[in-house]
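Dropping a structure here in structure tokens format, bear with me for questions.
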Amino acid sequence: MLQKAEETAPLLAVNNIEVIYNHVILVLKGVSLSVPRGGIVAILGANGAGKTTTLKAISNLLRAERGEVTKGTIIFDGAEIQDQSPSDLVQRGCIQVMEGRHCFGHLTIEENLMTGAFTRKDGRGAIAADLEMVYDYFPRLRERRKSQAGYTSGGEQQMCAIGRALMSRPTTILLDEPSMGLAPQLVEEIFEIVSNLNTKEGVTFLLAEQNTNIALRYATYGYILESGRVVMDGEAKDLRENEDVREFYLGIGGEGRKSFRDVKHYKRRKRWLA
Amino acid sequence: MLYREAGDFKTTYREDNQTFPIKSERYLFWGAMLIAFCVVPFFVNSYWEKSVLVPLLVWSLVALGLNILTGYCGQVSLGTGAFMAVGAFACYKLMTAFPGMSIFFVVILSGGVTALVGMLFGLPSLRIKGFYLAVATLAAQFFLIWVFNKFAWFYNYSASGQITAPERTVFGIIVTGPNAAPWATYLFCLTFLFIFAWLARNLTRGRIGRSWMAIRDMDIAAEIIGVEPLRAKLSAFAMSSFFIGVGGALFFSVYLGAAEVTEAFGIDKSFLALFMVIIGGLGSILGSFLGAAFLVLMPVFLKNLFVGSLGWPTDVAAHIQIMLIGGLIIFFLIVEPHGLAQLWRLTKEKLRLWPFPY
Amino acid sequence: MSPAILNFIETCLNGLMAGVMYSLVALGFVLIFKASGIFNFAQGVMALFAALTLVGFQTGQVPFSHLINAIFGTDIHHWGGGMPTILAIVLAMGVMVLLAFLLERFVLKYLVNQEPIILFMATIGLAYFLEGLGDLMWGADIKRMDVGLPSGGSFWWEDLTRAWAPADADYYGMYIDTLDVSAAIIAAILVTGLTLFSQYTATGRALRAVADDHQAALSVGISLRRIWVIVWSLAGFVALVAGILWGAKSGVQFSLSLIALKALPVLILGGFTSIPGAIVGGLIIGVGEKLAEAYVGPLVGGAIENWFAYMLALAFLLFRPQGLYGEKIIERI
Amino acid sequence: MNVHMREDMSLHSMRADDGIAKGEELLKVDNISLSFGGVKAITDISFDIRKGEIRAIIGPNGAGKTSMLNVINGFYYPQEGTITFRGKRRRRVRPHETAREGIARTFQNIALFKGMSTLDNIMTGRITLQKRNMFWHGLWTGPAEREEIEHREAVERIIDFLEIEHIRKTPVGRLPYGLQKRVELGRALAAEPALLLLDEPMAGMNLEEKEDMSRFILDVNQQYGTTIALIEHDMGVVMDLSDRVVVLDYGKKIGDGTPDEVRNNQDVIDAYLGVPHEEA
Amino acid sequence: PSLSYRTGPYAPNGIPFADGYADYLTLINERDGGVGGVKIDNPECETGYNTEKGVECYESTKNVGTGALIYQPLSTGITYQLIPKVTADGISLHSMAYGRTSAMNGKVFKWVFNYPANYWDGATIAVHHAADMEGGSLEGKSIALVYHNSAYGKEPIRTLEEMSKEMGFKLTLIPVDHPGQEQKSQWLQIRRERPDYVFMWGWGVMNSVAIQEAANIRYPMDHFIGIWWSGSEQDVLPAGDGANGYKSLNFTGVGTDYPVFDDIQKYVVDAGKAAGDGTNLGTVQYNRGMYAAMLAVEAAKKAQELAGHADINAAEMRDGMEALDVTDATLEALGMPGFGPTVSVDCANHGGSGAALVQQWDASAKTWNAVTEFMPSDRELVTKLAMEDSEAFAAENNIEPRACE
């Protein structure tokens, strides 16, 4: 299944990385994945599987959490990037939208968006145009542009975080749970934006998502992580057809979608053991 | 494997709530206590007493107190020096006003007086937070020191403004004044520390401690959960001041023997105590001891190393020593921002995994 | 006007001037706090260090001479001749930039995303380190700071104001220290410049972002390294200015670092994050404490300035917990 | 190991008992308006929550759902309107007082106490139920210890119930998002509330975890009769679990009724659901 | 041992003193081969002017070698700390012109010496000097006391209050809080009230700021008189020319115009054995340190004489100190004629003669010049006050004063 990804030299390749927090907690136990140029790749997996950790390892934000990559390599655009600073990466076009929003609470929404353009050198005009673009995507933000981000609602903050990343005109976006806390309508919209950017501007996406259903609808390729290991990967459409995935991630058992009222009492999980 | 907890299972919640849940740790602790109470007193001389042990014990007590406030309840305070002064002056006034009272109760009462004063100065914490509060506590620091310096009643109108601890006894054993035997002052302080460490442990492991920590970690959420901020904060201020007051009383009566308020309880004491709890580990009882030990012993050690062993001129040695202490503080923070206590925990975790790296 | 009123005005005026001097120190705190959320305890020591370095260069001292002498048994202290003040200032500034650089490289880099109190502690470590280093480099003796700023009471002003009082009154005119006047001018320039910088440049915005959330700032591509070097250099520059002015007032020696304590009430009154706040806070504190000392002090035995400043600031905080101009503390759940 | 809830292991010993029969009004919100400076977060909203039901609050982002919960537990003071809880009208209370009256909640942006372990976090939930004062705690041995153990037992039941035994002693800061949400639920449950407010309890969870969470919520509701108000963006969950739904939009109420009514309400579809909710 | 402080806020004063003390002892060792053939061991211990470190220093040095003979604690705070301790340990403490003034009462303070002068002596001398300048009477004049708001600064208040009653001058008290960098209010007050004299009990940075401020308000500097701890080069240099004419008390000679300095240059500095870099010679604090060392050496000589052997112990040292009698002839013989006041100590009086001189700063030459001879203090008054205080201390601490004779 991996062959296809290897044919075109991947834009981003993660080779067998291990991540340790605090020198003692081993979280990733050899994760490899590759993201082709112009692709949308989804990382799926349960809570604590290590999705966020993987993304942070790529964008080099681990150090700030006292974590480190102890093994393996990460190659972006032909160069090893473990030793680069996150800002170098952003300059090279790879930006991360962090899980849990992380807006700058004391800055207004508009200032928050403007920080996204920090690394840009293409003049005020272009930045202003992009600002308009973000506001067009998220009209709600335009209404709240002068509010301090700390006081806005959870969903507004999430939009702000995504808009902020868009402001840097990235070529690659690492999206960590973009749908979290957003109204269903907006979730659709966000994924529309993703696919738009992807097709029109060739932006590459790597996204960690709990909403498997929608993620697999838009992604081209998917990886499933369980406790720090990749247990399965494949074309999105293949994954959608997979029995296990259907049962555990899409909730479609043999007899179609179950109501949440009817799920079994305390069923044991099935784990893929790698 | 040096350190194991495997095979040490708890069957009751009571056992699980123990201070030292792991057997080997428990033995280690009681062993250490045995040595501290029964062996050390026979060997302590006045140098060890006055330069190392008593300051260590007293500062541990103070650090413990500050840790309750700053480490457990999250209220950064820079008024420690002044609260120590309250303890010291309360102690002095009580000693001189009631010469017959046992010094033990005098010290406890001094703590009580300090607790009241601490609560008073803790009131602003209901509105003021973080570093704003830290700086605001300096108001207490400067104001109280000014009061003790200003009103001669506090130092019994002595011409010099100094207070000198008269000789007092416990069970007929002299513990204050110049004629106190090293072992006596040592044991006196150790007893206090032991009692108070136990008290601190009890307070922090139950409901009270949790309400403090909840306020520290997220005060709004804590309030919504049902923690009453007024009570939690004021009780932390009171308890912390109580400890610090007792520490101040011992500091003056047992350790220094004489003190002048501006010099003995200046703002540098406030900072020193804060260093101790941060270096040792915020929100950790063990950390209070480690921090106090680090900051009391390190200078003595460095001094003896440089001047005593290497024979450097005292001033060069002193300058380098200051630099080194600064450097070490930074170094430890880089290695483990959560203090020596956390370092110790991580070491244990590593030992547990030993010989595997993780 | 009666002398009593004139005296009152004089007290206020001098309070304002004293306040400006405090503000100069407070500014350094604000800069760093605003830019990284760090409460920089070392600001006072940085002022001392900057001043020591400046004087050292100016008078041509050999750094570390004491240590060198102790180790090699030599006897050197000056390398002969000093250097022009301007050059010395530039060099001292260079040292402060170097310091900022080293600091980022060896300390701050490892403390990204730590809690504020941890960073605070690190700056305390830094304060110790610099204190020892300053003494070791330049010696602990007291030095005279002379960069050619005028000082002493202004005759012109004294004569002018004497005429305001009735001719028969026992009045000598108002006093104002010319050094303070220069300080006020310098402070005004500094504050304007820094405010413009932080309000209207992308870097200024980035500074505030970093203060809010290190990790998020990293994630949008703000280079913490660059930001930190910039602000610590700026803070070094402010420290140098404060060091020059305070040094001219009281000589350059260890106690210079204690001026930080005078700046703290100013800081909380004005708000940790506001540059204009530092000035306004300074003025309020300055006037407040001078008036208190002059009119309340005699009633209670004097020397109340120190705690009064803190109490005044505390009183303001009870109404505005974030200081006059500080950013509101966000409370939302 | 399959944990079964034994009926006698009651989580709820008190509070549920307040003379209000199931199905009667537990909480009533009348004409609440709330604004911040120029921003109107809530405009003239009224609804009620009946004892024993699961009440969902939905609406687009920034509609004022979280603000509504904040008003209910006293964190925000509405400019207008009143709230009646268990028959008592109130306008201004401190949040810790509402907690004492039996309202517990979870938060949208997880608000766990990061420095504490899971166990301690959940124990904190019982703070309003513990009575021993500082003196006894200082002594520990005796009443305080007895009380602690008593409450510990209750908490252990909750831990069992939520299947988080293995992380009992882990500092919560290290837990993955989903588990943190679960711990937060545990903390709220520990208070044995009469009314439980859940703010997006399932955000950031995958299907399996949502199923688990749904189970927990239903169990709490069914076995102990705890009334629940929940905010959620996953329509599947909302429609399946809730008895009645309120829909907010821009601070206004645009719908209120059973899931089916709401699902077919045109206003709601326009403002929130977009396309009619698709199954799977 | 000498407890020195070469770091911290007061280092500028501490360094030259410690140098002077050490250099003189080195001189004795190098030139004379010690006292009576016994080399002096002077372990130095850095206190940073900090009480706890002082205690640590005391404890760490008191048993060095055969045991410490005498302590020079160099800080009022540490002195107070050590008074009970040395009494218990039986080691003499010499707090030269600082520390507890009432320690001059040897009946109560057997082990503590504070000759040649104390603060109260200083206060009376300053007043007398002012009176001399006014032609004998201070009636109707006003004196402002600018003091460090601490125990030390408050020392002269009692004395001055007594004297103001006696001599009819008006006394204004102006405290300055530690550290004293900002004294605008105080000097505005002085400027308005125009006291005829300003006395200063300052320390550290407070001194230089005060002198600077005084110059700024153009206060006549020769009417501004500081205690000896406010009168070193370090205090006046930062004020530059403005400090010209400022006066302070001192109890040693100034400058290097004494034969003994040749010896120090020869045996100590040129031999590379100086404690400092040799540039401090002749400064106020250096000379003071030397003087203190000289007194210690003389006391040791006396002690050897009394004990009849060279290897004296602490108790014998104390006897020597109590029998100390430094006359002009002694000073002459030591190569320091007129360097300090004569000192004669007895059982009851541990305070020496109490004499001091007034020196004045010459800013252009950057030197201090003595403007008076050593002036005696108002011993009667001082003794009276000291008795009151020491008796209170004795009562509080259950000390039975010695009989003496």
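So that you can tell them apart, the chains are marked A, B, C, D and E in the order they are listed, and the count of residues begins at 1 in each.
Assume contacts are C-beta pairs under 8 Å (C-beta built on N, C-alpha and C of every residue); 3 or more make two chains touch, one makes a residue touch a chain.
As the structure is a prediction and not an experimental result, all values here were calculated from the model.
S.K.: Applying the touch definition from the top, give me the chains sitting in contact with each of chain B and chain C.
M.R.: Chains touching both chain B and chain C: A, D, E.
S.K.: Chains touching chain B and chain D alike, please list them.
M.R.: Per touch definition, common to chain B and chain D: A, C.
S.K.: Report back the single chain whose CA centre is most distant from the CA centre of chain D.
M.R.: Computed centres place E farthest from chain D.
S.K.: Which chain lies the greatest distance away from chain B when centres are computed from Cα atoms alone?
M.R.: So the farthest one, by centre of C-alpha atoms, is A.
S.K.: Using the touch rule from the top, work out which pair, A-B or A-D, shares more C-beta pairs.
M.R.: Between the two chain pairs, A-D has more contacting C-beta pairs.
S.K.: How many Å are there between the centre of chain A and the centre of chain C, using C-alpha atoms for each centre?
M.R.: Chain centroid spacing, chain A to chain C, equals 45 Å.
S.K.: Quick one: chain A and chain E, Cα centre-to-centre, how many Å?
M.R.: 74
S.K.: Using the average of all C-alpha atoms in each chain as its centre, how far is it in Å between chain B and chain E?
M.R.: 37
S.K.: Could you put a whole-Å number on the gap between the CA centroids of chain C and chain D?
M.R.: So the centre of chain C lies 50 Å away from the centre of chain D.
S.K.: Mind pulling the residue numbers of chain A that touch at least two other chains?
M.R.: Correct list: 25, 151.
S.K.: Please set out, as single numbers or ranges, the residues of chain E touching at least two other chains.
M.R.: Chain E, residues with two or more chain partners: 6-7, 11, 15, 149, 177.
S.K.: Chain B: which residues touch two or more other chains?
M.R.: 146, 220-221, 224, 313, 315, 319, 322
S.K.: Judged by the touch rule stated earlier, which pairs of chains are there in contact?
M.R.: The complete list of chain pairs in contact reads A-B, A-C, A-D, B-C, B-D, B-E, C-D, C-E.
S.K.: Going by the contact rule set out above, which residues of chain D touch chain B in the complex?
M.R.: Interface residues on chain D, with respect to chain B: 73, 75, 94-96, 98-100, 104-105, 107, 111-116, 120, 123-128, 130, 132, 134, 137-140, 144-145, 147-149, 152-153, 156, 187, 191.
S.K.: Which chain C residues qualify as touching chain A in the complex?
M.R.: Listed in rising order, the residues are 112-113, 202, 205-206, 208-209, 211-226, 273, 327-328, 330, 332.
S.K.: Looking at the complex, which residues from chain A come into contact with chain C?
M.R.: 59-61, 63-65, 85-87, 89-91, 95-98, 102-107, 111-112, 114-119, 148, 150-151, 164-165, 168
S.K.: What residues of chain B sit close enough to touch chain C in their complex?
M.R.: Checking each residue of chain B against chain C gives 70, 76, 124, 127-132, 134-136, 138-139, 141-143, 146, 150, 220-221, 224, 267, 271, 275, 278-279, 282, 312-313, 315-316, 319-330, 333-334, 337-338.
S.K.: Over in the complex, which chain C residues touch chain D? Could you list them?
M.R.: Its residues touching chain D are 333.
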